[in-house]
Amino acid sequence: MRLPHVPLDEVEDVHVGLIGIPWDGGTTNRAGARHGPRQIRDLSTLMRNVHHVTGVKPFDLANCADLGDTPVNPIDLHDTIARIEAFFRDVHAAGIVPLSAGGDHLVTLPIMRAIARAQPVGMVHFDAHTDTNDRYFGEHKLTHGTPFRRAIEEGLLDPKRTVQIGIRGSLYTSHDMDWGYEQGIRVIQIEEFFDLGVEAVIAEARRVVGDGPTYISFDVDGLDPVYAPGTGTPEIGGFSTHDAQRMIRGLRGVNLVGGDVVEVAPPFDPSGATALVGATIMYEILCLLTEVVAKR
Amino acid sequence: MRLPHVPLDEVEDVHVGLIGIPWDGGTTNRAGARHGPRQIRDLSTLMRNVHHVTGVKPFDLANCADLGDTPVNPIDLHDTIARIEAFFRDVHAAGIVPLSAGGDHLVTLPIMRAIARAQPVGMVHFDAHTDTNDRYFGEHKLTHGTPFRRAIEEGLLDPKRTVQIGIRGSLYTSHDMDWGYEQGIRVIQIEEFFDLGVEAVIAEARRVVGDGPTYISFDVDGLDPVYAPGTGTPEIGGFSTHDAQRMIRGLRGVNLVGGDVVEVAPPFDPSGATALVGATIMYEILCLLTEVVAKR
Amino acid sequence: MRLPHVPLDEVEDVHVGLIGIPWDGGTTNRAGARHGPRQIRDLSTLMRNVHHVTGVKPFDLANCADLGDTPVNPIDLHDTIARIEAFFRDVHAAGIVPLSAGGDHLVTLPIMRAIARAQPVGMVHFDAHTDTNDRYFGEHKLTHGTPFRRAIEEGLLDPKRTVQIGIRGSLYTSHDMDWGYEQGIRVIQIEEFFDLGVEAVIAEARRVVGDGPTYISFDVDGLDPVYAPGTGTPEIGGFSTHDAQRMIRGLRGVNLVGGDVVEVAPPFDPSGATALVGATIMYEILCLLTEVVAKR
Amino acid sequence: MRLPHVPLDEVEDVHVGLIGIPWDGGTTNRAGARHGPRQIRDLSTLMRNVHHVTGVKPFDLANCADLGDTPVNPIDLHDTIARIEAFFRDVHAAGIVPLSAGGDHLVTLPIMRAIARAQPVGMVHFDAHTDTNDRYFGEHKLTHGTPFRRAIEEGLLDPKRTVQIGIRGSLYTSHDMDWGYEQGIRVIQIEEFFDLGVEAVIAEARRVVGDGPTYISFDVDGLDPVYAPGTGTPEIGGFSTHDAQRMIRGLRGVNLVGGDVVEVAPPFDPSGATALVGATIMYEILCLLTEVVAKR
Amino acid sequence: MRLPHVPLDEVEDVHVGLIGIPWDGGTTNRAGARHGPRQIRDLSTLMRNVHHVTGVKPFDLANCADLGDTPVNPIDLHDTIARIEAFFRDVHAAGIVPLSAGGDHLVTLPIMRAIARAQPVGMVHFDAHTDTNDRYFGEHKLTHGTPFRRAIEEGLLDPKRTVQIGIRGSLYTSHDMDWGYEQGIRVIQIEEFFDLGVEAVIAEARRVVGDGPTYISFDVDGLDPVYAPGTGTPEIGGFSTHDAQRMIRGLRGVNLVGGDVVEVAPPFDPSGATALVGATIMYEILCLLTEVVAKR
Amino acid sequence: MRLPHVPLDEVEDVHVGLIGIPWDGGTTNRAGARHGPRQIRDLSTLMRNVHHVTGVKPFDLANCADLGDTPVNPIDLHDTIARIEAFFRDVHAAGIVPLSAGGDHLVTLPIMRAIARAQPVGMVHFDAHTDTNDRYFGEHKLTHGTPFRRAIEEGLLDPKRTVQIGIRGSLYTSHDMDWGYEQGIRVIQIEEFFDLGVEAVIAEARRVVGDGPTYISFDVDGLDPVYAPGTGTPEIGGFSTHDAQRMIRGLRGVNLVGGDVVEVAPPFDPSGATALVGATIMYEILCLLTEVVAKR
């Protein structure tokens, strides 16, 4: 978004930090999200100063900076998770609200480890998948299909203040989603989404997260694949970008502590259309975050 | 769908057979549907065991097998039609309900010749085109624009139990659709589709086909081209994949005897998005077919 | 549309002329619309004789001809504008109603200079952008972001009879749109579009333009980018092709004096999908124009 | 090549005719060559007036015209072959030397039937495949793999004055090429091509065809697929475009009676690179043909 | 190659086994090689029965079977390496000569662990990179840049019988290649390759590997990127597919014990051209392997 | 190349400056080179520290910095030329040797205006076109086809010390190249290039430019289009990237004062392959420039 690049060790008086996480080592099927941050950055140059609906001027409301990419280790999952967490601990310690571009969805886990130790967060989660599976390939508990199971187990994420929107797609077993329901997660499958309509979904999401600290996690595969073909696990029949924009705008005033846009995989969309969507969604979230910061 | 491949001469105790028909010799404009079955097979590996809305477990309800591709002859239309019919006669004789991946839309004719000789079938037909033209290029009566004219003339398809959904696009003459109306086909043009809404369209389709044996034929060009760019005769302004999924689910309990998904043409969509749509629609139809089979 | 190509100096008894303007010198970001006319012509061969909803037969109602491409000068903006205007003056003098394929949106200015000198026109304008900016890069008053500012200043376009549909996207300043509002332009931003619905938008557009001479200008970036990826300035969250078709059909009977489809940029969509959309929209407008001509 | 389009029934005083044959019904694997003529025409606008090496000015040496496309019937092979032959009989009767853009390679057979009835022709044939198979799929004797077997059997092509350059690729049986050798065809497989070098290959080709009437047939799959990815049966390891240009220029002065460029299949190369190659090769052949015509 | 698929536990009397390794967890930059085996299998259907230059009929010389894909674990490198090794141990124990399709280049290490424990192998290695680095990202010793360092350290690969052909590209330090030279590896950088010519390179390779057991490892990035765009680490300026074919054919009679083709990454070449190259190179190697097996 | 970005007004002690010129307003056919600098920058991250053949370590030999992009004005050619010249005057005044990424070829003119006022430069010019035309579209003397005519007329470029390598393609008239020959330019058409071989071409180029100050201008369309499909005016039959690398390395020790790589047009090659070529060629030139600087 044409923001100055500020290395983390030179940060001073930054309120909202944009951060890339070029890593997809948690991906079980089609990798490529490691290239997401670069292409999102490229396309973000199309963003302008004023939000055309809300009138918010994010760059006036708060000091925003591009904090660059986190360190990663493409061949060691556990090392990468640790590096990402360490980076976000520094961000958090500097009082910066993070807005991140993934990377695959597992990256949200170390972010939460860095910012939600003191108090669990609620979450508005846009996705085709619940990402609350227990394990893959036998004993493996850290993949892009498991971050929120881990986050809940570790007390970082409050399931009763979590809403998942856009869930769909065939299941491995009839019990895939039982665990989430038992924890109290509010799941709005895509069928219910279309039945309720955008306004009612917004109201329900606000009801679930309430006044507590809340995180927004936006997996682009929540969108219909025609809006985001460049992703690793597309599921047909999702919501539109316009729906997504409306929903995010509907979260104005929620007590937000951070957000991310994940699973943009440029190799599957060299045209850059998916990254443009990712950049625009980040801009929408940025408008919310800067309003929150400005009110403090 | 990761099913075992069972050659037709080794078939035993199979209830639903998935069949590829790699042929597009009936195509008048952009060929390429001959490559459809392979790419649909590739993408079908993304399908899982349980339908997330209906809870149907197709592979538990019935023995499903991939019967491979029918023989074809890319340079002889009539020979190919005969080979396809012979293949499906064997399938039918073995008591297997066929679910096919085309190929262009002409392939539905030899399928009907194989399975509807004894009793004409009704049909729920999703398409941008009625495919009830009489002839092309003078005397040619077998093309992908004519199968249902032939099927009705041959007494295989009951026009009064036929509903066509999504029809649109400019016409050759004002009378292109007269013949179909005269036969009693219920045509729901795309404008009426949007006016009625999905639920009313489902009700109307169920009313038309009633209790008799019914076939589902899904031409991916019924979808808007943004959902299925890989097809030979795209027409802008169609329904969405979500609409399609809802309509197919709305046909639960109908007396189905087979189905097909046709006109997936990979050369016009190397990304595989159209084939993913085709595979998912086949999965939706498979859930219906296995429920029917299980109730027998 | 398989029409005869008639060079302008051989024109005789032509009522509606289709014209290409292969030029994008007014583009500030991603050029490529200069290649639009050729690809739109290619895809227009898919159009047939009868409109499937209105039953209009445009080629029976009026003599239509492809007048070829206007002369342009790819390295001189002012010379090109003059050449285009001269071409359209000849078209206008010959009593031909022009329907043009751009080219970037600046091309509409010389068209209006040629056909609206005697009396200002009203306009139904489909676009993501208002194109009423004052200047770019300091002193430059002629770009694809400024044509309608210039047209209003020159008395060619009546702002009180102008409606803009689909406007969206972040702004440079909070005042970007003030000038347009002050002139009395009726702006229907995309959010209002979705709130009102297509029918109400049509009614509002008809109210604004009234009975006076009216021009239709259709920028393909008004559509959501999934319907028109091949364009220079995509903005996510637009209307669909079906919405667009309905709106244009809703303008039947309006006193139309010309139209254009602009900003189709094939380099960003080699598949031709965007050009197919452009060709189909031109066909929809052609049906309107030939009805107007036939009534005279 | 920006030539005037002259319908065949208005032809007068044309020496060399460029003809499109939009048909691929003889293709056994990946169809798409039916779209070749249009894209070759598009790209041919990049050709200029003077050959930069030989200095030949083809449009000065002879009257050249674009005779349009032959009629075809996409769903009937035999009818199409007859239509093409009839078209070329008229061309031949009008004294026009034909230069054609295919279409698949079977189209060369009806061309030869039209122009070589009186006297068999020799041929310089660039290709990865000999196209002298006997039959496919049992009894089918007309496919894009058999034209030259048929042409030799029918006495249209003199095998002893035929040279095939660039042949390669694995074989169905050890005897695939025996028939050609028995007829006396001079086959220069790609390995021999690289061993001999371009100059020696030219000399050998000139020796084989001698002074008699000779046809040039250029299948773009003779080129390495990196130069011509848009084709139906690519074989890795071919010659380069520069090699091809040198070889064609090396045929200056040969007694040429026609030529063609076949198997350009745009769906497999939407970028148009293959069609640019096709157009440039046609330009090279055109320079030869106009020199021959000018000397008569 | 249209071979029967034989699961490893049903193997009987198979001489040469084709094996896919769908894994790219050792990739440090652009992943995607995990999808290589599927696309290579698709394109391998274009291979026919007889080699057109050597006349070898591989499927007559030896029983060949497609043994399917090895098990992998996309999120655990060490577990995957162990699974691959176990698979190849079974293959080796069954007396089958393996010919594998990667996957990234790290997969060659577990193959060697399975087949070269008893006696180290020599290697003809085609690649742009030596893959003999020590470690990446600090302590990580297993990546696609290190397999041959490990193999030499473990006594599986004899450096004095190893030749690397096509090496190029800028280096991290001046000492990147020192270790390899010290071990005695014969490195033929691309500049030397072009200076020597194919025949001399073949002679040198044969001299280096001698009569001992030898493995062929073909990384497609050894080719110039125009021949193999679908790969993770392209380096401009490589050899051609024709060069590669000649070199492999030049290894006839060498005492081969296995081979692989690696780093085909379909996401970076959806056209399939790179996979066609991969399949053809596998076919060339297969001809060698079956000759070796037949002579035993 | 992962270099620090140093704004021009903060420059201090920089020896070689990398500069982007995002502009293509001089392009007469297919625009898109304005996006070249960004994609070249992206791909340049693949360059490493040491040249693998010459052993040169450019970043050790000289202080290198990325000076960012020059200002441009996409809708005003003359203003842009002035802005570029002003930028390069500052660069030159700061004692920095410029290495630029275009942009279309017209950008070389303002660079020469900035650095060659005091003394004309010689030039090694790689290109398919001479770019010494006089004018286009009547009176227009500034396009990407005319820069070197202007530079010679203005006394910036010494034609007798200019060599053009790779020239080819059909001509507008027989006299297109006369002017260049009259000035004494040494033109090595592609045919002569292949006849001479790379070593002789290097010797000839060194002879022509001699010891005087010399500029390298590399238009990627000099390469065969298979190596650089992403360009505006492709001409088949060019040299390879390996040839280009050898020629540039052959210029070691020439008295170089700057260089550029132009006409990389990403819209025509979204894969980035052409930009990778551009980045690698820049790296090759950088190695030369840093050696020259280090010797001063």
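First chain written, first letter: the chains are A, B, C, D, E and F, and each begins at residue 1.
One rule holds in what follows: contacts are C-beta pairs under 8 Å (C-beta built on N, C-alpha and C of every residue); 3 or more make two chains touch, one makes a residue touch a chain.
Values in this document were obtained by computation on a predicted structure and should not be read as measured data.
**Q** Listed by label, which chains are in contact with subunit B and with subunit E?
**A** Touches both subunit B and subunit E: A, D.
**Q** Moving step by step between touching chains, how few steps can get you from subunit C to subunit E?
**A** 2
**Q** Tell me, please, which chain's centre (mean of its C-alpha atoms) is farthest from the centre of subunit F?
**A** Farthest from subunit F by mean C-alpha position: B.
**Q** Let me have the rounded angstrom distance from the C-alpha centre of subunit A over to the C-alpha centre of subunit D, please.
**A** Computed from C-alpha means, the inter-chain centre distance equals 57 Å.
**Q** Mind checking the centre-to-centre distance between subunit B and subunit D? Centres are C-alpha means, answer in whole Å.
**A** Their C-alpha centroids are separated by 40 Å.
**Q** Could you tell me which residues belong to subunit A and also touch two or more other chains?
**A** In subunit A, the residues touching two or more other chains are 29, 226, 268, 271.
**Q** Can you list every touching chain pair?
**A** The list of touching pairs comes to A-B, A-C, A-E, A-F, B-C, B-D, B-E, C-D, C-F, D-E, D-F, E-F.
**Q** Tell me, which parts of subunit F touch subunit C in their complex?
**A** Those residues of subunit F that touch subunit C are 24-32, 34-35, 73-77, 79, 136-137, 140, 142-143, 267-268.
**Q** How about subunit F: which of its residues touch subunit D in the complex?
**A** Contacts found on subunit F: 29, 167-174, 176, 189-191, 194, 224-226, 229, 233-234, 236-238, 268-269.
**Q** Okay, in this complex, where on subunit E does subunit B touch?
**A** 38, 42, 270-272
**Q** Going by the contact rule set out above, which residues of subunit E touch subunit D in the complex?
**A** Per the touch definition, subunit E meets subunit D at residues 46-53, 55, 57, 226-227, 240-242, 245-246, 271, 273, 276-277, 280, 283.
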